[in-house]
Each structure stands twice: as C-alpha cells, then as structure tokens.
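To keep things simple, chains are lettered A, B, C and D as they appear, and every chain counts its residues starting from 1.
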Amino acid sequence: MANIGFIGLGNMGGPMAANLAKAGHKVKAFDLSTEALDKAVQAGCMKVNTALEAIQEAEFIISMLPAGKHVHGLYVSSEAPLFDHISSGTLVIDSSTIEADVARSVAHIAKEKGIEFIDAPVSGGVGGAQAGTLAFMVGGEPAQFDKALPVLECMGKNIFHAGEHGAGQIAKACNNMMLAILMAGTCEALNMGMKNGLDPKVLSDIMKQSSGNNWALQVYNPVPGVMENVPSSNQYQGGFMVDLMFKDLGLAMNLSQLSSSPTPMGSAARGLFNLHKEQGNGGLDFSSLIKLYQEK
Amino acid sequence: MANIGFIGLGNMGGPMAANLAKAGHKVKAFDLSTEALDKAVQAGCMKVNTALEAIQEAEFIISMLPAGKHVHGLYVSSEAPLFDHISSGTLVIDSSTIEADVARSVAHIAKEKGIEFIDAPVSGGVGGAQAGTLAFMVGGEPAQFDKALPVLECMGKNIFHAGEHGAGQIAKACNNMMLAILMAGTCEALNMGMKNGLDPKVLSDIMKQSSGNNWALQVYNPVPGVMENVPSSNQYQGGFMVDLMFKDLGLAMNLSQLSSSPTPMGSAARGLFNLHKEQGNGGLDFSSLIKLYQEK
Amino acid sequence: MANIGFIGLGNMGGPMAANLAKAGHKVKAFDLSTEALDKAVQAGCMKVNTALEAIQEAEFIISMLPAGKHVHGLYVSSEAPLFDHISSGTLVIDSSTIEADVARSVAHIAKEKGIEFIDAPVSGGVGGAQAGTLAFMVGGEPAQFDKALPVLECMGKNIFHAGEHGAGQIAKACNNMMLAILMAGTCEALNMGMKNGLDPKVLSDIMKQSSGNNWALQVYNPVPGVMENVPSSNQYQGGFMVDLMFKDLGLAMNLSQLSSSPTPMGSAARGLFNLHKEQGNGGLDFSSLIKLYQEK
Amino acid sequence: MANIGFIGLGNMGGPMAANLAKAGHKVKAFDLSTEALDKAVQAGCMKVNTALEAIQEAEFIISMLPAGKHVHGLYVSSEAPLFDHISSGTLVIDSSTIEADVARSVAHIAKEKGIEFIDAPVSGGVGGAQAGTLAFMVGGEPAQFDKALPVLECMGKNIFHAGEHGAGQIAKACNNMMLAILMAGTCEALNMGMKNGLDPKVLSDIMKQSSGNNWALQVYNPVPGVMENVPSSNQYQGGFMVDLMFKDLGLAMNLSQLSSSPTPMGSAARGLFNLHKEQGNGGLDFSSLIKLYQEK
C-alpha cells in the first residue's frame, strides 16, 4: 500500500480520497474547508493542515481542484509552490478538469525539475466518485500511466491512456463537448416529437434502437418519467450541473480557439446552455436544458 | 400469402419488393423505369405496366416514392388518382419519407373514402433494405398497425408503432435530425482531438465508453481506418448520401416550422451539411462531413 | 385615376387601400371581416361582398393575404378561382409575403391564361403602410413593373424592381433574414457589453460609428431607453411581431432548402426567435429578443 | 509637443508612430524587427535599442502588441518589466487588442504602483492607421481619457470613451463580434439571392435601403464587382484578414465565457470563419467568407 497525499476534498475529491483509504492506502488529505477535512477523516484519511504536509513522504500526490489557475498556483506559481518540495520518485496525478495547455505547461515545468506529473481528469460525476466507478482519461508517458494505474483503479473502472501530457484534458474536453451536443440534440428531438403528439417513451425507444441512439437516451433521458433514477425524474436535482457543463464547454472553446479546430455544433450547444443558465437554471442538472425548449 | 401491389422500385423499393416476393407474397411491381422493373421480375415479382394495374386485387399496396408531392399525386391529385380505385379492404402502406402533414392529410382523405392508409417510413439504408433488416416507424391506428405487421416483418426487423397517422413521419424526422446532430458532433469532436495530437481510435474508444457514446462511434465512425466496413473506410462510397441527409433535414425543418418547435442544433447541422453539399460532396456518404472540418 | 380591386384589408392591407382611395383611385375593397370592410369604407373605398365583385372592371387587382395557400387558393385552386374571371388587360399585384416558388408558379399559371401577375411584397410595417412609405420589392417583367409603379407609389416610397417573377419574394426573404441576423447580433453584442458594465447608449454609439453599424442601431435599438419612439421604449408593443419574424424566417428556410443555399446564420437566428416565441413572447415586437439573453 | 515612447511597430503600430512624429511629437520607437525600426526612422521617429530606452523621459507610452501575453509580459511579468521603471506622471496607452480581463488586471497593477494605464484598442485597419483615421475605444478614468485625447487625435478620427479600465477592450470585442455576424449574414443573404437568380448589385441596393442595412452593404460588399476599391474587388487582398477576425472572435468568446454572456450568433460566426480559415483562407480579407457558401 502506498503513501498518498490528496489535495482538494470537494464533491468529487472527497469520495475519491475515501475510496483510496478504503483500499488500504495511507492517505494524507488536505482541503481549505474543515468540514471537508472532517468527512475525510471519518472515511479513514489522515488530516493535515497544509498542502505541504500532505505531500510529505508521499509516493503519489493527487489533486482535484476547480480550475487551471488553482492547479498552476498550487504546484508552480503560488508563494510556496509544491514543485519546490516534491522529490523525484513521486508521481503527481492531477485529476482536475483544466485547460489542456495549462496541463501541458505544468507537466513541462515538472519535467524540468525531475518531477513526474500526469493529467488524469475524470468522468462519471459524484455518483461515480462515490461508487469508485469513475472513468479516468490520462495524459502522460506510458511508464507514468502504468505506475498510476493501480492507484487509479481504486477510484475508477475505465482507465484510459489518452496520449501524451495534456491528452487526458483534450480527451475530456472532446467527450464533454460531444455530451453537450448529444444532450441538446436529444432534448430538441424529443421536444419536437412531443409537440407533435408523440409519446416521449415511444419516441425514445424508437431512436434508441435506430441511428439516433446515444448516451442520453440510454441512461439519462431528459424527459421526466421516461426513466427512473435519473435527474429528470427528480426535478433535475443531483447529476451534473448546468454551471459545470458551461465551464467544460468553455474549456472546449479554449481548446478550439488555440488549435483552430472548428466547433460549430459545440458552440451552438454552449450558446443554449448559456441561455439556460442565464434564466436561472445553473444549479440544475444539465438535462434540464429541455425546459429551455418548452412552451411557456 | 397476400396479393401486394408495390409502386416505386428504386434503391430502397427494389430490394423491399424482392424480399416480399422471397417470402412468398404475390407482388405486382410497378416503376417508371424499365430497368428497375426488370430487376424486380428477376427477384420474383410480377411486372405490370401501370400503377393502376399493380393495385388490382391487392390486399396491400406499398409505395416507396421520392417526396410528398409524388405520394399526394399518386393517391390524390394526379389525373387518375389511385384512391378512386382502391377497395375498402385494402391497406395502403406508404414507406416514402415525406412531410408529416402531407402524410396526415392523405390519411385523412383516405379515411373519408373508406380506405386504410398508414405512413411507415424506414430507417437502415440500402443495406438494410437488401438484408431485410429495416426499421419501420408506423403512424396509424392500432388495428392497421397489427394488420401491416406481418407484411412489414418480411422487409424489416424493428417495427415500431409510433402513434397516430403521421407519427411515423414525425418519428423519422426526429430520429434523422438526431442522427445529423450526433454525426456532426462526432466529426467535430474527433477532428478537434486529432488536431491536438490524439489518435482517433483511442479517442473514439474513450468516448464510446463514456458519456459521449453514440451511434456514429458504435457502428459508423467517420474517420477512415478506425472501423472496417463503413463508408469512411471506403472513400465515403455507399451508405447514406449527403443529399439524402439534406433532404431529411429539410423535412425536419418543415416540421419544426409548422409546429413551432425550436431546433437550433438541428438547424446548425443542416447548415453544415448544406455547406458540405455545396462544396461538391452531395453524392458521398454523410459521414464525409468530417472533410468539411479538416485543414486544407 | 384607375379602377382597383383590393382583397385583404388587414393591418397592412387596410391602410394601403385607404392610401389608394386618398390618392383618388376608385377602390373596390373586399375582406371576410365586416369590421375591416367598414373601416375601408370610412377611408373612401367602395365595399363589395365577394372577391369576384371586387375585380369587376378592375384595371389593377391588389391582394394582401396571410400566406401562400391563400394566394394560390384565391387565384388558382379555390372553387371559384379569380383567374377564371380576370381579363387580359388587368394587372394583378400580389403584395402578400409568400413562398417564392408559389409566387412563380401562380405567375406562370397567370401567363398561360394571358393574365399579368407580379409579386410585390412590402417592407416597413403597419407604420409604413399608414404613412404610405412602404418599400415594395417587385418581381415581374419590366413592362409590368412600369405599369405598376404609379399605383405602388400611392402606397410606398422605395419601389424596387428585384427581377423576374418571384424575385420580389426572394429579395424580401433575403432582407428579412438579414434583419433577423442583425437584430439578434445587436441584442447579443449589447447584452454582452452591458453585462460587462458598459452603458448601452455609449456602446450603441460606438458601434454605430464603427464597423458594427446596422439598421437596428440606427433606428430600432432593442434596449429600452436608448432611443425614443421605438418598440423597446414602449414595452415592445407595436412594431414587427416575433410571430411574423418567425413566419418570415420560415419562408427564408424554405427558400434555402429548395435552392440548397446554406443559411447557418439565418438558421441560428430562427432558432433564437423560436425559443423566444415558445417562452410566450410571440406577440411582442421582435426587438424584444434581447429578453431571451438577459439574466433572470 | 510631447515625448512619446512607442513599442510595437508592426502593420498598425508603424504608421501610428509615423503619424505622431508627423504631428511634431518626439517619438522614441522600439521594435524587435530592425526593418520595422528603419521604417520608423524614415518616418521621423528616433530609434532606440530596448523598450526601456523608449520610455526614458516619456510623457506618454504607447504599445501596440499582438496579444495579451505580450502586454502582460512587457509591463508586468517579463524579467525586466517596464512598470518598474515608469514614473507617476507618465500615461501608458495600450492600443493592443487583448482580453478585457488582462487589460483590467494590468491597469490594476499599474494603479497600485502609481502608474496611469488605459486600454485604447483601435478599429479601422492598416488603411485607417496610415490615414490617421482610426477609431479608438478607450477604457480608463475620465481624466486619463482627457489627457490621452490630443495624442490619440494625431492617429485617429473617432475617439470614444467606452468606460472604466477594460471597457475599451470590451467595446472592441462587442463591435468586432457584431461585425463578424453582419458580414457572415450579408454573405449568406447575398449568396441565397444570387443562387435564386438575383443580381447582387440590385439585392444589395434593396437591402441597403431596407431593414437589412448594415456596414458591409454600405462600404465593404463581399461580392466581387459590386463596389470598387474594396477587397472583394481585389481578389480579397488587403483589408482585414480572416486570421485576425478569428483571433478577435476568440477574444469575444473569452469575454462571453468569463461573463456568462450568451453569444449564439457570435459563436456561429466564429464557427464559419474557422471553417473558412481551415480551408486555407486565413490570409484573405474576411469578406472572402462568401466563398465558403458558394457552390463548387
């Protein structure tokens, strides 16, 4: 079992750290919130008072932070950057969802200092974090991926090696843009069918068995009542918030702009989620987008 | 076995009629093209010289025509409309892909004349027509659906009762709009990943097992070489032509306009397929849309 | 002064007929609404009881109807089509806004019967109709245009000869699509500026004197209070209704589809006006689209 | 006459510095390119060897750099940041087009150091820079604007005070997003008209005198031959490059994302310019977008 420093114990990071402890790893956990820290202790982690303490003697460091600036700050540009204190045998796994170019740049700085750093953003939401069934999309060298694998498997089910440094973030941006597009499309197609008298269950069933088949129809139908145990059947509570989808679409747009990759469909989806957010729905699950389409 | 009149023996109608004959039905086939007629005869159909002859003594009449105006003309508004000659025991099955409101209107006129008429557009392409694995989306009364079922099962695998008259066309318009959206989104996401250095096979695999999963990734990957036996690995020959997708998106837009159903994503997809068509690609498979995105 | 039959006395047709009467023409006016008829009489028109009566001895026939099916019905396909009763010296001017292909088709039928028929849709709204300052976009032969000119000048200010039969409708569809695009763009740019702290008057002034200059900034600013005497400063009452803009965008989409002309921007605008309409704003002026963008 | 340090002598900065010298100011000019420096000397500027030399004794410092990172580097984060050497009486005018939040952040750092810093991006292109007819959109305090005014008037014609620090960049992002939208819309409307047989001159004239009126129709028609002396009539050479419009749309998207301002139309336009750029047209004038629409 390994010594692991875990930084960032929010809705995602908290249960991820708990699953590592449950698997028998020695986890030193840190977060600015004492409430989050207390939960981590209850889940079997050791509480420390600073990020610096968390990484003492760590073989693995895992970070789960809100945005690129936090990751860059923690490791590189804050007043006491962790990269000044990490030894060369340590593997840093950043699971935050951030800009691919920031991930690449931090990995580059790490390499110059002889530190191993990989990007490993996740997919699967709070439910997946709790159940230990997250998907990880990893960017880094093959040896780094191999080294990270047993640790990641304590927290997730599908662990993908996407490519070089930054590739994990790129894969996540592509996937979540695709998700936004298919969810918006599914809302739109179901709404048009319903407005023309079709039963959403029947139409969903038809499209699921035809060429319109996609993840939203399979496991995340946006129309209340078509599926049980999905956010749409629970007033769009829980799930993946509109605000987070909007953030991820911003990362996709950033990637699109930097690489000059045309994203007309992703941009159209971003526009719709933005309109929906502005109408006060940022805190609802993202499948609530169908409300934007519906007659009032 | 039944007497069936079959009108319209094109790329789709030809093999559909052949499958009916193969199943033992007595099929009187008609088309304006003698070449198409000859093929039908080789496949076991009886050749007749007019649409009127085709429907003599028919228990079922099946039509497979290019557009709504042809269907309306054949049955209602030509100089010798078939509705003047169809007896009340006959079930007319129109498998053309046409405007939902035209289908509804023709069904309404049929009803007034005591004729049974259902809309039953198909999905699955020429390959599905030949293999007898088409999906049928049927609009009509339950008893009509039940009556049509054994005949449709000779030509297809998934037979859906979408709802009332017109509902088959509505379901098809919704499904194909969804298809256009997810294909455009998949092209866009894969292109962005590739432009940023990802291997399209790896990225396709990641998205297929994540929330970006959809029909295109599963059975119709648009990047040459990722899958075998798909149009993208055959210079985008065969499959479902850009011109036909553009036609179907026109039907979706018509439905959107008549029912005031917002279709921002479907409209964005229509714009892309239109640009692609204008650049001379109307005759290629619709997954060739990825070429529109690629650097030249 | 001429004998004129005028059919269709709605918000637009009523004041147009009145202006003809005011100019000294002898106008036989017909509408299904007795209220509309009474108003026309007060404005100096002669009331008749049928469309057929309106065209007796008319040198000019003007129609102003809601949609293509009404125009086609009136002249061609109703039980008593007017084209059966119009003499060859008469010029029919249809000022309805309808599909270009319907206008062309009706003109073609007219020609076969030796009747002169031109399309002459208008721009300028109810205000322009009342003030006699409408713009007319005319499709027809040069001699027909010349003949219509003095009559049109009684109702409008800018009279354009757009081209052959149907060209008037095409020009109107292009113009109104452009209008939808620039209004949506102006709403979007002003909203973004305001959300970032800019004064909408200042930003409007800057863009008006820069390369963002357009008709909305010049005479129809969508932000309440920036301009006087525009719908935005009157709770978006009056002006050009969202429902009508949505109808016109449908005509543009129809033209786009039939001619395979890509309209990604017009389609995006149509999507926005449709969302806005679904949220219950169909009866407001179209500059109210800015409400769709605003934080709630 | 004032002592002015000018940093960045590219296609825009070079003629701007020249106009300041022509007006009698004493201009110390710096650029990394010796060719650019030589031109500046020919135009009456004094050549210096470092940015630091350029600002010695300067009452005004003007910078014209490619992107936010260059501006931030020059003044704040390079190894020898200029803000360590600027005295409190000096007014720094940054005319680069950069992110509004970077402009605001640099202005904030300046203020803490007692330095006056305003953002003053320009509109009007190389032609406007040479002719001294640029538009300036200024963000800063009223007193700073007043102080800058006489200097800016040597280089431009319309000088706007957009608002507080950053407001100049915001106004420019809004205006150029509006420009992209109306140019794309104009290309689209004219192409649809032409595809349906209309003469582009006639259609342009109709829309210019109707509600579709906008800057592109007035002074920058995208169809070759409609106007003289515009890029479209010169093989789309000169003017404002597609690459630059794409960059500016990236800044607008960044502003949209940071402020959560919906930009569906601006995003659609960005998608089109991106597709056009990928097809190898990045170096053409942005009105060449009409080529993306045209049948091949």
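Structural remarks
Everything below uses one rule, namely that a residue touches a chain if its C-beta (ideal position, glycine included) is under 8 Å from a C-beta of that chain, and two chains touch if they have at least 3 such contacts.
These numbers were taken from a predicted model, which means no experiment stands behind them.
Shared contacts of subunit B and subunit D, meaning chains that touch the two of them, come down to A, C.
The chain with its Cα centroid farthest from the Cα centroid of subunit A is C.
The geometric centre of subunit A is 51 Å away from that of subunit C, both derived from CA atoms.
In terms of their C-alpha centroids, the spacing between subunit C and subunit D amounts to 39 Å.
Taking the mean of the C-alpha atoms as each chain's centre, subunit B and subunit C sit 37 Å apart. For subunit B, residues that reach two or more other chains under the stated contact definition are 256, 260-264, 268, 271-272, 275, 278, 293. Subunit B meets subunit C in the complex at residues 246, 250, 253-254, 256-257, 260-264, 267-268, 270-272, 274-275, 277-278.
The part of subunit D that touches subunit C in the complex is made up of residues 100, 123, 135, 137, 158, 160-164, 166-167, 170-171, 173-179, 181-182, 184-186, 188-193, 195-199, 202-203, 205-207, 209-215, 218, 220, 252, 255-256, 259-266, 268-269, 271-272, 293.
By the touch criterion given at the top, residues 264, 268, 275, 278-280, 292-296 of subunit A touch subunit C in their complex.
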